[in-house]
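Think of it as A, B, C and D in the order they're written, each chain with its own count starting at 1.
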Amino acid sequence: MWTHKVLKDPVHDEVLVEDPWIWRLINTAAVQRLRRIHQLGTSYLTFHGAEHSRFTHSLGAYETMRRVLRHLEQECGWPRDERDKKLALAAALLHDVGHGPFSHTFESVYDVHHEQWTRRILLEDEEIRGLLDEVDSNFADDLVALLQKQSDSVIQQLITSQLDVDRMDYLLRDALHTGVSYGRFELARLVRSLTLADGQVVLKANAIHTVEQYILARYFMYTQVYLHPVTIGSDVLVGQILRRAGELWNQGAGLEMPEPLAALFGESQGVSVADYLEMDESTLLYAFRRWTKGPDPVLSDLSRRFLNRKLFAAVERVEPDSGEWAALRTAARALGFHPDYYVCGRSSAIAAYVYRGEGIPILKADGTVSELSRESRIVRSLIPDSEYRLFLPKEMLEGDGPVVERVRSLVYGRAK
Amino acid sequence: MWTHKVLKDPVHDEVLVEDPWIWRLINTAAVQRLRRIHQLGTSYLTFHGAEHSRFTHSLGAYETMRRVLRHLEQECGWPRDERDKKLALAAALLHDVGHGPFSHTFESVYDVHHEQWTRRILLEDEEIRGLLDEVDSNFADDLVALLQKQSDSVIQQLITSQLDVDRMDYLLRDALHTGVSYGRFELARLVRSLTLADGQVVLKANAIHTVEQYILARYFMYTQVYLHPVTIGSDVLVGQILRRAGELWNQGAGLEMPEPLAALFGESQGVSVADYLEMDESTLLYAFRRWTKGPDPVLSDLSRRFLNRKLFAAVERVEPDSGEWAALRTAARALGFHPDYYVCGRSSAIAAYVYRGEGIPILKADGTVSELSRESRIVRSLIPDSEYRLFLPKEMLEGDGPVVERVRSLVYGRAK
Amino acid sequence: MWTHKVLKDPVHDEVLVEDPWIWRLINTAAVQRLRRIHQLGTSYLTFHGAEHSRFTHSLGAYETMRRVLRHLEQECGWPRDERDKKLALAAALLHDVGHGPFSHTFESVYDVHHEQWTRRILLEDEEIRGLLDEVDSNFADDLVALLQKQSDSVIQQLITSQLDVDRMDYLLRDALHTGVSYGRFELARLVRSLTLADGQVVLKANAIHTVEQYILARYFMYTQVYLHPVTIGSDVLVGQILRRAGELWNQGAGLEMPEPLAALFGESQGVSVADYLEMDESTLLYAFRRWTKGPDPVLSDLSRRFLNRKLFAAVERVEPDSGEWAALRTAARALGFHPDYYVCGRSSAIAAYVYRGEGIPILKADGTVSELSRESRIVRSLIPDSEYRLFLPKEMLEGDGPVVERVRSLVYGRAK
Amino acid sequence: MWTHKVLKDPVHDEVLVEDPWIWRLINTAAVQRLRRIHQLGTSYLTFHGAEHSRFTHSLGAYETMRRVLRHLEQECGWPRDERDKKLALAAALLHDVGHGPFSHTFESVYDVHHEQWTRRILLEDEEIRGLLDEVDSNFADDLVALLQKQSDSVIQQLITSQLDVDRMDYLLRDALHTGVSYGRFELARLVRSLTLADGQVVLKANAIHTVEQYILARYFMYTQVYLHPVTIGSDVLVGQILRRAGELWNQGAGLEMPEPLAALFGESQGVSVADYLEMDESTLLYAFRRWTKGPDPVLSDLSRRFLNRKLFAAVERVEPDSGEWAALRTAARALGFHPDYYVCGRSSAIAAYVYRGEGIPILKADGTVSELSRESRIVRSLIPDSEYRLFLPKEMLEGDGPVVERVRSLVYGRAK
């Protein structure tokens, strides 16, 4: 007889699965695959503890949602409906199901969007779709609408807004694994301060400092962890590997291409859901390792750098102008580095809080609803910002010789 | 200019690298490869948080050794010698370097011993050997002797004994990631209670309860985490996959065999260090996924079960006698399961403390050295024990029909 | 409108008060007085962090009971009855209400038993009794019966047995404040493993290692914290102060005796509940400080030693025989110390688990109930033990001169 | 033989005392007295866990200083001098030694300043002065200069500035005991980022987000803990008790006045150091309890309210104008409350970061020194703010009748 499952969790102590249907969702191939995709992409090359997967985060988002629903049910009598509960819990559990390996990098290099893949998996994967259809025939569509922000349900806010269970879990989880205290905030009080008003989820004004703490946790995690230059440099490297491999493949250059990557490097529109679900980080890492042995010196060098953590150097500075770019590329060539792959720049945006339409609604003592940034000077001070960095092999910056000195003077001349 | 590196760590807060030579050792391909091997093998299928790698554990063992050495140096003036320090730190960092993917299972199926591979990697891998030779030409041999328990150095105790930095780190780290409190003990006090006497590392008697706590942490981690039936069942499954693949390969059955696995499935004596170092869990997971598509129904089913977590059921009981084995195998066949792969038993030994020659030496107030089990009733109560479990597909135990009922009566008849 | 109160707690994160009647009980003078009595008596002189009071522990025991009841209600449908819930919660909150300042020492010197005072307070204190009578006229008597182990209710086990909410809270709380990890155990799992069978609270057998961890937490807290020689020595000192003050008072020696202490030093039978409730540690500390100024050199020296932490030395050894006692007393006198007050011995019992009638019942898989020590070798190994120590001023052991040397040889001759 | 003392600490794990002179300082009566003064005054009436004393905080400040010095010595070769080390460590240990019971309230009611008392204790207390003079005859004066901000030593910054060991310890310690996460920050990294430049302690610019986290920890502790209305209300109550007792005493009203309080209520200039050191919270609590029995109804009621936690209600609003004050006082009188003691207002200032002269110096990459608020938008957003609150008995706000209604309309009419 099924009663419930208790999973030990390093963040929430226990994840409680009360509904056997959720347990079956967790045990689908599509969800289990998330165990093979790191939650923080290449961050583990910077913070060695960041080895946790999107699977553990998905369980954590589910558990946070479960606690939020339990609170709202006691506080406001919502959700009364078993279907709404299932929608909310499934949305939390499945919100990342479309992510691929080194997801954000992959998306930026190829024309793949994880939101689109989430949609296709929910609608087309037989195992998942079967479970969703068990609820009713509109359930899958409603779930897709929620995850794509096309629903008018209050659940949408809980799963994708500035105060959603996704962020609540990942801040705490990423902080724990990286070993920093920056992501900590008072989860229990934040959850307890949620309520419904005007048909939306709002936060009671007496918890204003608790939500400030949560927003600042995000700010600190961005500045100290997520946008760490070593991580961005590792992402850049993965991007260059994928670009080079794609070009060689499309040139028919006899590249070894482990299945089912070929489909992706061709035209991803044609990729089946089954093929996509075979893609995880073990697939890419296997490919990278094979490519270290291949004939193309650029691809094999880049792959080796990633696998063995010989990362690019990062220099914080203003974006080079066209003259600087040209000079850097010339220098790279002179030192034996293909400029298209070995000289790169990247701008990273810090957006701890965003003000447009989507702010966090605050329920004031007088019953009116305001927006967080209007109520908090600290939150207002967090204007979006960005950092520009140049990435290139350490060999281009270290050692003697006129070219290396030229690179150094070009690069550090306008370093921040 | 090199000063030192500080790595944030979820267990020790900070890992401090003061010696640039250690930093270069950390950044070798052989050590970086450990990022792609889980510390606890398949345990993550039981405790979802157990996703940490042998790499992070190796850094933790290094850091623990660093603290032990700092203490002993202050307390006893040893090690004075920079070479001894390097030996001890390198031993801690490299003690797991020979591990392969799903290591213990691999070793039991094929004739591979990670200790042998550690030896070969230290002696034969160019990058590692080069760094070791920088110290002096005997350094690599001395390190191998230490890690193979063939040294008479006091360092050997610190790296491989019942009170070594390996265990000190893994108990704390595994407890953190699985989310349990069982592995906690007072590390700082334990380290501070170490001293040298009679040419060996001994523990001062006034820390007897602290070392009891440490031994019990190990006992609890064994009973609650390491030997969890779901984990043992997952290991059994990996073992069956490897056995089946090996048999098919040696029959020339046209199995897809991703490089460089072929070498291993042939005769592992012939495997080069370079090939071995290409083996990590991404290689095996890639292979498993390919095999789900292969023509052999046993291999493809077993692979799918592992990847998608459709694990075997575990039944704790006494070992079946030959009549029971025969009956179980007949039933398996009747239900369409190949008995060689779908009916398995496994005995797991709980050895929290071992008494022979190798006990933990305790320095008593009167200056004599005793052995822990003589001083502690609790430790004496921890006699080695073992648990026998039967593993088979849930389909053989659930549902209706006379065969399934027969299996249930066979299996649970003598369940514990 | 009353909803509920949430109190932040360093151990349980939050203490939740859902019943306004409980909130009123918390806010009685008798319960608030517990804020002025240390939970661990004089332990703060050994572990400086042990400054927490019986009040915070009482809230923690209440919260633990609340969680146990919530679990049992879901699991077994008990307690259904609001009155049973109130009984259990009030018992947890009030179980320590009769404790006086430096409770155990006081009790051993004077004829005071905190259990008797608990009974009197519940029955005679107007404020408390009024609240209890609000439930019904038998409630106070039922509560007294529970706390004095004279009830046959299942609640009695939850409040006073080897697996009660009192211990569950104090192990975790004392560990946190002293800064040690010894008292940690898996509270949530322990609570979740409780059930009802045979009309009693039992623990499910699959949690056997969890309850072992809990019993060992107690063992370690006893050996490492509760019976620390410095703490026992401080208790001994308080005892000597109280004895000396009592003798002087009864001799009519003109001792300053802050109110309402006089009653206690006379005949405590005559003490009213109102007078008793005025007694807390601030009363005693105030008296001690006044006595440092008084004419009796013994009382003023002992008081000064306690307030300024000039504690006695502790020597672990076998109990002196009568010849040794005589010799020690002679030496004390020669060095100017009154032997009745400056030479003392104390035996402390370590009783981590007790086997008689009252063991922890374990519900086995076959439905029978066993007793923990029969199921666990480790628990069986924890036989009651005791340690004997001699306490005397450091001045009697340190320095030169034939008398001090004589003391040293007497004392350390048979030291353990 | 002295080696060192290790004290277990809930915040820093271990407090290490390496210098026997420090150990003797810790064991002076003046320092031990701090065990009897709460670190957070009356906060324990709001956050029940806040029962820790100024003694444990003083040890924590000492330990933090020890770590800062160890870092600076490695990083900058300062302090080389044993005397400088002793100065810094003693300053950290003794910085609070002049505090009295419910310190800030006492100071505001009577003309007592803890800084003055710190000075007098260091210079006049025989035991302390003796130990200071052991170093050399200028040591006591130098220490006083440091603690009174009249030194030009770099040590002064470490003990009394916006980035001092006092704050570093209390934020972490107060957060632990109250059970909130608001006070957490990355202590190890903050310490490691300190260096010396321009003859002052500066923070390296790459730790800018770490110092932001520390400043915000302070902001959150102020808004969520230190200025909690229940705490402020308790302080107000203590203040009213002290004022009333003083008035009665000076009127010669036959008030029972436990020694040595009389001196303080007379003219505190005449109080001796010995008398002052007898004052701790047990003295005041003893007095409060006696006063509950005294003839003055105001003093006995206020004392009872404090001891039994029948606190005033707090209403956040703008300061009443003179008409409102008069009306409130009239209503109080009508309800039987002496308006001088039962109707009070208090403004509390939140000053997380202060910009004038004393900001935190930041060492930028180009070698120049800037000031934190110039470098951080978040810190700039923390302008000093204040909250006004009205405190009065709940009986004046609750229940029926025209006067109570009048009070409610007066009070809430301009509530925030």
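The rule is simple: a contact is a pair of C-beta atoms (placed from the backbone, for glycine too) under 8 Å apart; a residue touches a chain by one contact, two chains touch by 3 or more.
Predicted model only: the values in this text are computed from it and were never measured.
Peer 1: Which chain's centre, taken as the mean of its Cα atoms, is farthest from the centre of chain A?
Peer 2: Between chain A and every other chain, the largest centroid distance is to C.
Peer 1: Pick out whichever of the two, A-D or A-C, is joined by more C-beta pairs in contact.
Peer 2: A-D
Peer 1: How many angstrom lie between the centres of chain A and chain B, each centre taken as the mean Cα position?
Peer 2: Centres of chain A and chain B (C-alpha means) sit 31 Å apart.
Peer 1: How many angstrom lie between the CA centroids of chain A and chain C, rounded to a whole number?
Peer 2: One centre to the other, that is 51 Å.
Peer 1: Roughly how far is chain A from chain D, going centre to centre by Cα mean, in whole Å?
Peer 2: 44
Peer 1: In chain B, what residues contact two or more other chains?
Peer 2: Residue numbers touching two or more other chains: 13, 180.
Peer 1: Once bound in the complex, which stretches of chain B touch chain D?
Peer 2: Listed in rising order, the residues are 6, 13-14, 188-189, 192.
Peer 1: Could you list, by residue number, the parts of chain B that touch chain A in their complex?
Peer 2: Residue positions touching the partner: 7-11, 13, 27-29, 32-33, 35-36, 44, 47-49, 51-53, 55-56, 59, 176-180, 258-259, 278, 280-283, 285-286, 289-290, 307-310.
Peer 1: Chain C touches which residues of chain B in the complex?
Peer 2: Residues in contact with chain C: 180-182, 184-186, 209-210, 212-213, 216, 219-220, 223-224, 365, 377-378, 380-383, 416.
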